[in-house]
Amino acid sequence: MPIGSGIRAFAITEQVDETPTIRTVRLDGSMHAQPGQFVMVWVPGKDEFPMSISYPGERFGITYKVVGEGTRHLSIMKPGERIGIRGPYGKGYSIEGRNILIVAGGTGMAALAPMVEQAVASGASVDVVLGARTQSELLLRKRCERSGATLHITTDDGSDGSKGFTTDKARVLLEVGVYDMMYACGPERMIVGLLQLSRTTGVPMQASLERYMKCGIGICDSCAIDGKHVCVDGPVFSHEVLSKLSELGRTRMSPSGGRIPID
Amino acid sequence: MTGLEVDIAGIRMRNPTMLASGILNETGRSMVDVAKAGAGAVVTKSVGLEPREGHPNPCIVELKCGLINAMGLPNPGIDAYLEEVAFAQNGGVPVIGSVFGGSEEEIAEVAKRMASAGVAAVELNLSCPHAEGLGAEIGSTPDRVKRICGAVKASVEVPVFAKLTPNTSSIVSLASAAEEGGADGVVAINTLRAMAICPELGRPILSNRFGGLSGEAVRAVGVRCVYEIFDTVTVPIIGVGGVTTSKDALEYIMAGATAVQMGTAVWSDGPGVFSDVCDGIGKFMNANGYESVEEMKGIAHR
Amino acid sequence: MTGLEVDIAGIRMRNPTMLASGILNETGRSMVDVAKAGAGAVVTKSVGLEPREGHPNPCIVELKCGLINAMGLPNPGIDAYLEEVAFAQNGGVPVIGSVFGGSEEEIAEVAKRMASAGVAAVELNLSCPHAEGLGAEIGSTPDRVKRICGAVKASVEVPVFAKLTPNTSSIVSLASAAEEGGADGVVAINTLRAMAICPELGRPILSNRFGGLSGEAVRAVGVRCVYEIFDTVTVPIIGVGGVTTSKDALEYIMAGATAVQMGTAVWSDGPGVFSDVCDGIGKFMNANGYESVEEMKGIAHR
Amino acid sequence: MPIGSGIRAFAITEQVDETPTIRTVRLDGSMHAQPGQFVMVWVPGKDEFPMSISYPGERFGITYKVVGEGTRHLSIMKPGERIGIRGPYGKGYSIEGRNILIVAGGTGMAALAPMVEQAVASGASVDVVLGARTQSELLLRKRCERSGATLHITTDDGSDGSKGFTTDKARVLLEVGVYDMMYACGPERMIVGLLQLSRTTGVPMQASLERYMKCGIGICDSCAIDGKHVCVDGPVFSHEVLSKLSELGRTRMSPSGGRIPID
């Protein structure tokens, strides 16, 4: 928990539609970060929320789904307008092994795309399972293809790739392939499913979690899950830690600190 | 009491450090972890009668020598929170329940429910500088402080600590009022009312605009407050504000504090800061021939 | 006014930075040097009617993010000091004379003599937190602040600025009182009352025990004070406390300050800090399309 | 003016009489400093004042003359008792040249003794003029002799060495010798005299000044001399700077900031 540098303002250089509901915003500045680390994004006058760094380095960027007021406002901001950023925060993925399986569901590919590229660059053989509700929502597909990884598409509605969930495809790959490590980001029930597979196949795993965040720096306790703090101990956790989390897939905390069930 | 042990209003602590209210105490589990990391006691989050989301984000600003926060007293309401308090007891150290409210009656009621969860004491947050109608807004006049302490004393059996605001021309008169109202101890200080502005965006960073400054930046103010209070009141004092090292804790103790709380240091140094501070105090005592923390209390007044 | 120029109560400054009272202004020559180093105006040391040695040493404590000082208003008395004020005029920037005293009459008298040396304005130190019967001890109630400002206004022709204490529950009411008393501007903030203790020696470090905290540590409090005052008074505000970089100065300006003063930064960064801050403000204005400092004033209130 | 580390407490290890009026106190700790730098010495409950570091390094020390309350109290403190120290502060001497003349009057040798040792160690040929009122007040004489420098003693009363002032001896040496640099510390009228010699002989000079000090860190202006601050711009100044000081040898400031003549 080193003392951070506080909020910095960055101008938007461009906004790119990735899917009908997901956009990428690129910013005029650089941010070096491990894959899986996040920033707190301040949309002035509206909200501040955590977002994975989907494009690290120069002209860094985040890839966000429009789900509420804050993200909607971000989506209508124009190049030249500025937002506040603090971070990078948290612990990202550590790249290990020669044979790697990466599983991304929903917006999960935002956190995993830099991971895919770096894993391929490290010389590993990389299988990527990319899943979405439907074909048009498959996130950063082209970027994955270009990376040199082997892409396996799943859609809930069968509009592309195999019909079904990412966990189904991951099960098949884990049964036939030999993997040193599995990396995941996506809905919590997907993480729970993959953790089960990790347990049965013995393939270790690292997964990124999401919790409501206020401070982002390990002080307010709002992102707590069984005493771990997603903002500083995570968002990426190893399967050892994940297996011990009694709240995983069950409850999360609301902004007031009350416990609510995970859908 | 020998070594690091202290007794505060009858509460025995294995060492003089406590987790401050509002830091890693939304969940019982986090409080247990902080206790395991070495804290001598844990204070809970400040809790009210009803659930409250607190202020929208951004609610924290990182500075070079501290934090500004405007959490805005988020909490799930006392009834839901009692479960966390109960869990916190597993830490094996005293749990002190922090409560807030908008009136004497409300605070007394929350304190009563808090006490029902078996806390060692209740701490009254009369000092949050960024929540309308709560905290410092009702804790800035001696008269009100006295009445609130009186009302709470009448409703609970456990010791009552009044946490005071430094945003006043005389924290001593607030402390005296708390004592007159029957408080068993005072806690000083809560955060200093503060603001940060982002020049590029031309606006205050916090959604609430105003927040409270904590950490290194405020220590010299907190030590001064404790020193002033010690000259006037006889109830024990708990020192808070910018404690990160054993030297900082010793400043408070020598100014007159029986124990210290730490909040912002958990951010800058992690929960290991509790055992680091205690180790440092122990070494200092050995090197300087002190046999108890009590012996050092207030010696800067000689 | 274009570029860095500002006008405060009719005083034209080439840039919005001033040397704060009590820092490198015991001698006229030092004030000239600070003006040459880039300050847009210089405030003198706070001066009283009679010579005063101030508190014995130690009178300063260095902290990680600021200083605590208890100089205790040393000064050679207004009559002897006028020579330094006269010399300071060689700096080619406005000289603002800071004065203190124990009563309305005394302050008015010192201000009158100060004005005779041709200062551009007088600044009333109603806020020193460590001098008995002076400074904050007489400047902590709105009523007294109003009366003092009134008395000084009646005795001098030049603009009168009231420098206010943040050691209060409402700096806004002090600022309003100053305005009602006729002050042409308010200066916020003076130092926060503070203390440091040396654990090994078991005693406060300052001979006066209490001192005033300045520097980085207090900036967020100062910015908050200026922001609050700007919402209520219409006279110009001069922001002070922890300004070291152009970003810090911009926080104050956007909170509502017309100009800023710097003190502790002269220690941490040297007198070159004035031109560094001005350069930074200039670059910021270019990059962000502002044509005058005035244009940025108070925009964080939008 | 870097941010200092604040006051630290040190235990006294010993107090040594150097002359009937001057003692050295050694402290349990180390302090690395240039010759000529000083510390602020806090005698708890009494006073805080500037003192040159006469023994830098391990078990560092200062050598002080008992002139008032503060120094008297220091002189009666026992080993084991503690004082507060902040520093080192200021700019010390910079060792330059192969042929060096060092002139110390009164307590001036406290600041110059480390200079003598380091100059000799640097391989320079070093002449030292050590002056005092009378023989018993000659400060750190043995230490100078041991250093390998050539010692020239002067006393006002003629009880040792040549009768007269250090400036008289310095004049003689400057007339016959060839020096690259002259270093001085002592009463201000001695400095003024040497500055005159420096001007006429063309031998450059560095001298340490004394002024009443409060902050010691360049903020309070109490040690100002013509806009220079003895605590941060000095205490050691070059002859270029010294020649421009109109107040040198004339006035100094009292604790209240009034100007008083120099005796």
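Think of it as A, B, C and D in the order they're written, each chain with its own count starting at 1.
To be clear about the criterion, a residue touches a chain if its C-beta (ideal position, glycine included) is under 8 Å from a C-beta of that chain, and two chains touch if they have at least 3 such contacts.
This is a predicted model, so every value here is computed, not measured.
Centre to centre, using the average C-alpha position, chain A and chain D are separated by 65 Å.
Chain geometry summary: the mean Cα position of chain B and that of chain C are 33 Å apart. Taking the mean of the C-alpha atoms as each chain's centre, chain A and chain C sit 50 Å apart. If you average the CA atoms of chain A and of chain B, the two centres end up 36 Å from each other.
Contact with two or more other chains is made by residues 61, 63-64, 196, 200, 203 of chain C. Residue positions of chain A touching 2 or more other chains: there are none.
If you draw each protein chain as a dot and join the dots that touch, you get a simple line with two loose ends. Remark: the chains found to touch one another pair up as A-B, B-C, C-D. Contact residues on chain A toward chain B in their complex (touch as defined above): 1-7, 9, 40, 42, 44-45, 47-49, 82, 84, 86, 214-222, 224, 226-227, 229, 253-259. The residues of chain B lying in touch with chain A in their complex are 22-27, 29-30, 32-33, 45, 51-54, 56-64, 67, 69, 71, 74-77, 80-81, 196, 198, 200-201, 203, 205, 207, 263-264, 266-270. Chain B makes touch with chain C in their complex at residues 61, 63-66, 68, 140, 165, 167-169, 192-197, 199-200, 202-204, 209-210, 213, 216-218, 220-221, 223-224, 227, 247, 250-251, 254-255, 284, 288, 296, 299-300, 302.
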